[in-house]
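Two complexes come next, and they have one chain in common, chain A, joined by chain B in the first and chain C in the second.
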Partner chain A sequence: MVSMRKKTILVACGTGIATSTVVTEKILEAAKKENLDVNIIQCKVSEIKSYAEDADFIVTTTILKDSFGKKSINALPLITGIGEGQVLKEIIEEIKK
Partner chain B sequence: MKLTEFFHKELIVTNLQANNKEEVFEVLFNKLLENGYVKESFLEGIKTREKNFPTGLLLNGNNVAIPHTDPEHVLKPAIAVATLSKPVVFKNMANPQEDVNVNIVFMIALNAAHSQVELLQRLVEMIQNGSLLEEILKAKGGDEVIKIIESYHTLKGVRKWLV
Partner chain C sequence: MSIIKYILDLGATVMLPIIIFLLALILGEKPGRAFRSALTIGIGFVGINLVIGLLVNNLGPAAQAMVEHMGVHLNVIDVGWPASAAIAFASKVGAFVIPIGLLVNIIMLATRLTKTVNVDLWNYWHFAFTGALVTAATGSLTWGLVAAAINAAVVLLLADWTAKMVQDFYGLPGISLPHGFSAAYVPIAIPLNKLIDKIPVINKIEADTDTINKRFGVFGEPIVIGLILGVVLGILAKYDVKGILNLGISMAAVMLLLPRMVRILMEGLIPISEAAKAFMQKRFQGREFYIGLDSAIAVGHPAAIATALVLVPITILLAIILPGNHVLPFGDLATIPFMVVMVVPVTKGNVFRSILIGTIVIGVGLWIATDVAPLFTQVAAEAAFKFPTGATEISSICDGANPLTWVILQIMRLF
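Up next is the complex of A and B:
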C-alpha cells in the first residue's frame, strides 16, 4: 500500500453538535472501509477560522461563506440521504490525495 | 441505547395547525420547558440558530426540519415532535435563500456536544425513511407516534453501530 500523509478534516455545522456528529461518523465509517486513517476536528461553522490552518479540507452541512483557502465539500446529502454515495466518494478521493 | 428513551408522548403534537415556524417553535418549546427538558433561554437559542443556520431538509416526499441549539440551554436530552396539518415554510439547510415546505418537525434538545452520536444516527435514518415519515404523519396522538418509532426500532433489530 502506498503510504500517504494522514489527512485532517474539519467537519462543521451550525452548532457543531448535531449534523456534524452524524457526518463525522459516516466519514469515519467510509474511511475505515477503505483502510484509511483520518483525523477529524468537529466544530461550529463560526469556529472554522481558528481550525482551518490545521485542516487539509473542510466538510460542512451548511453553505460556507469563507473556506479560508481550503477546499470545502457540502455534506448535507449525508443527512438527507439524497446523493449520499457521491459525496462520500468525493470525500474519500480527497482523503486519498 | 433505546431511541424511545428520547421520544416521549408528552413531547409530541400531532396534526398541529400552525401558520409559521415560530408558532411550531413555541408549541414544542413549551412542551420541553413544562416537562423540565430545557431552560427558558432555549427558545431564543432555537430562533437565533434557525436564522443563522436554517434546519429545513428537502427530502423526497415529506420535508423535515430539525431545529436545535447549543447544549447550554438544555437540561435533559430529548426530541420533541410536531406533525403539521399543513406545511410551514423553513429555509433550506443547504441554501438559506431557498424555502422548504416542512410538515414534520423534530426539535432536538442535546445537552452535551458529541455525546448523543447513536441517537443522532438513528434520527437521520428515520428522516431518510420516507415510508416511516409517512406513517408518523398519519399518526393520531403521541402514543401512536411512539409506537411507530418503537416498531421501527425493533424491525431494525440489533444493528451494530460502527466506530
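Up next is the complex of A and C:
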C-alpha cells in the first residue's frame, strides 16, 4: 500500500457548529469507507484566515470569498441532499491526492 | 397521560434522550443508531450545563462588582444562542417541537400555504424557545405548543416571501431560509430601507467591505472577543491583575467550549434530521418546492460579515448607553451575522445601510432581551440548568432579543 500523508481538512460554515457538523460527519463516514484517515478542523467562516495555514484544503457550506490560496469545495449539496454523491467523491479524491 | 408527565419531569438530560430515541425509531432509524444518538444528546446537555456554570459563576460576580463600582446596571448575562437553544430543547415545549414543526410544515405544504420544505430540524429550537417563554408566562403547556406552531408557520411564510430575494442575492437556487431568528428581521428591514431611500446624503453612502473586513477582523474571532471582554470587565469590576487575567481566559474558554458542547447535541440530532429530510423530500420534491435551510449557509457573504463585524462594538456601546438596558452582551456577540444575514439582501448588499438598520434592531433588541430576562431565567431554571442563587439573571440576543418571539409572546399573554 502506498503510504499517504494524513490530510487536514478545514470545514467551515456560518456557525462553525451547525451545518459544518453535518458535513464533518459525512466526510468522516465516507473516508472511513475508503479506509482513509483524516484530520478535520471545524470553524466559522470568519476564522478561516487563522486556520487556513494548517489545512490541505477547505470545505464550506457557505459563500467563500477568499480561500487563502487553498482549494475549496462547496459542500452545500451535503446539506440539501441533492448531488451529495458527487461532492463526496470530489472530497475523497482530494484526500487521496 | 401520567407516563408522559413522568417522562417530562425526569429533567432535560433524561427526558430528551428518551423522546429522541422514540422519534428516531418512528422515523425508521435502526435501534442501535437511535440509542447512540439519543445518548449523545443527553451528553450534550450535561456538557452545556457545565459551561453555563463556568460562564455564570465567573461573569456573574464580575457583573455585580461592575454594577457596584461603576454604576453600570448590566446584570443580565447574555448566555448566547448555544445556551438558549439547549434551554429551549430542554423545556417541555422542546420535547414536542420536532413533531409539531414537521406537522405544521406538512399541513401547510399539503394545503399549498407554503412552498418551503423545512429540513433544518436543528433550528426548530427557535419555535421551542417562543413556546417555552409562553408556557412560563401563562402557566399552560398547551398555549406554549400553540405558540411554537404559530412561530413555525410564520417563519415558513417569511421564508417563502424572501426566497426570491435570498436566491438572487446569495446565488442559492431552489433554497429558502426558514430561520426563526434571521427571518424575523426582514419585515423591519424593508420599511427602514425605504425610509433611508428618502433621506438625502445618507441614501448615497456606501461602505467598503474589504477595508471593514480587514480592520474589524478581530471581532470575527470569538475567543479573542471573549478574552478582551473578560479583561475589560475584570478591570471595571476592580479585580486585581490575577483576577483580571483569570476572568479573561475563562471567558475565552466559554466562547470556545459552549459551541463545542452544542456540537455534541447537533451530532446526536443528525440521524433524526437525516431521516426527516429523506421522509420530507420523498413526498415533496421538484421545481415547485424550496428546500428550507439554516441561514448559516449565507453567513459567509463578505457584506454580511462586514456588517456583523462593525455591529459588535456598536452592540457593546449601545448596551452601556441605552437607558433601561440591563443586558451585558457576551455570548451572542458572535451571533450578530445571523441577525443581518437576511437584512443585507434587503439593502442589496449596502453595508452602510445594513449597519444602520442593524444598530436600530439591536438597540430595540436589548430592551426586548431585558424585558424577557425574568421569563428566560425561569425557563432555564425549570429546564434544570444550574444557577448560583442571587441577583443574576440571564437572557440572550438570539432569541431573547427576537422581535417575532416577543410579539408572539405578547399576543399569547392576552389569552
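One rule holds for everything that comes next: the second predicted complex is superposed on the first by the 97 of 97 C-alpha atoms of A that agree within 3 Å, B and C clash if a C-alpha of one lies under 4 Å from a C-alpha of the other, contacts with A are read in each partner's own complex, and residues count from 1 in each chain.
As a working rule, contacts are C-beta pairs under 8 Å (C-beta built on N, C-alpha and C of every residue); 3 or more make two chains touch, one makes a residue touch a chain.
Quick caveat: nothing in here was measured; it's all calculated off a predicted structure.
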Give one word, clash or fit, describing how chain B and chain C relate on chain A after superposing.
clash
Chain B versus chain C as contact partner of A:Ser72, first or second or both or neither:
neither
Pick one for A:Lys32: touches chain B only (first), chain C only (second), both, or neither.
first
Under the stated touch criterion, which partner chain does A:Leu64 make contact with: chain B (first), chain C (second), both, or neither?
second
If we overlay the two complexes on their shared chain A, which of chain B and chain C does A:Ser50 touch? Say first, second, both or neither.
second
Superposition on A: which chain C stretch among 56-64, 92-100, 236-244 or 308-316 collides with chain B?
92-100
For chain A, give the residues common to its interface with chain B and its interface with chain C.
13-19, 21-22, 25, 42, 45, 61-63, 76, 79-82
Show which residues of chain A lie in contact with chain B when the two form their complex.
13-19, 21-22, 25, 28-29, 32, 42, 45, 61-63, 74, 76, 79-82
Quick check on the complex: what are the chain B residues that touch chain A?
49, 52-53, 55, 57-60, 66, 68-71, 93-96, 108, 110, 113-114, 116-117, 120-121, 124, 127-128, 162-163
Which chain A residues qualify as touching chain C in the complex?
12-19, 21-22, 25, 42, 44-47, 49-50, 60-65, 76, 79-82
Under the touch definition given earlier, write down the residues of chain C that touch chain A in their complex.
82, 119, 122-123, 170-172, 174-175, 217, 220-222, 259-260, 262-263, 266-267, 270, 273, 277-278, 281, 291, 293-302, 305, 309, 334, 337-338, 341
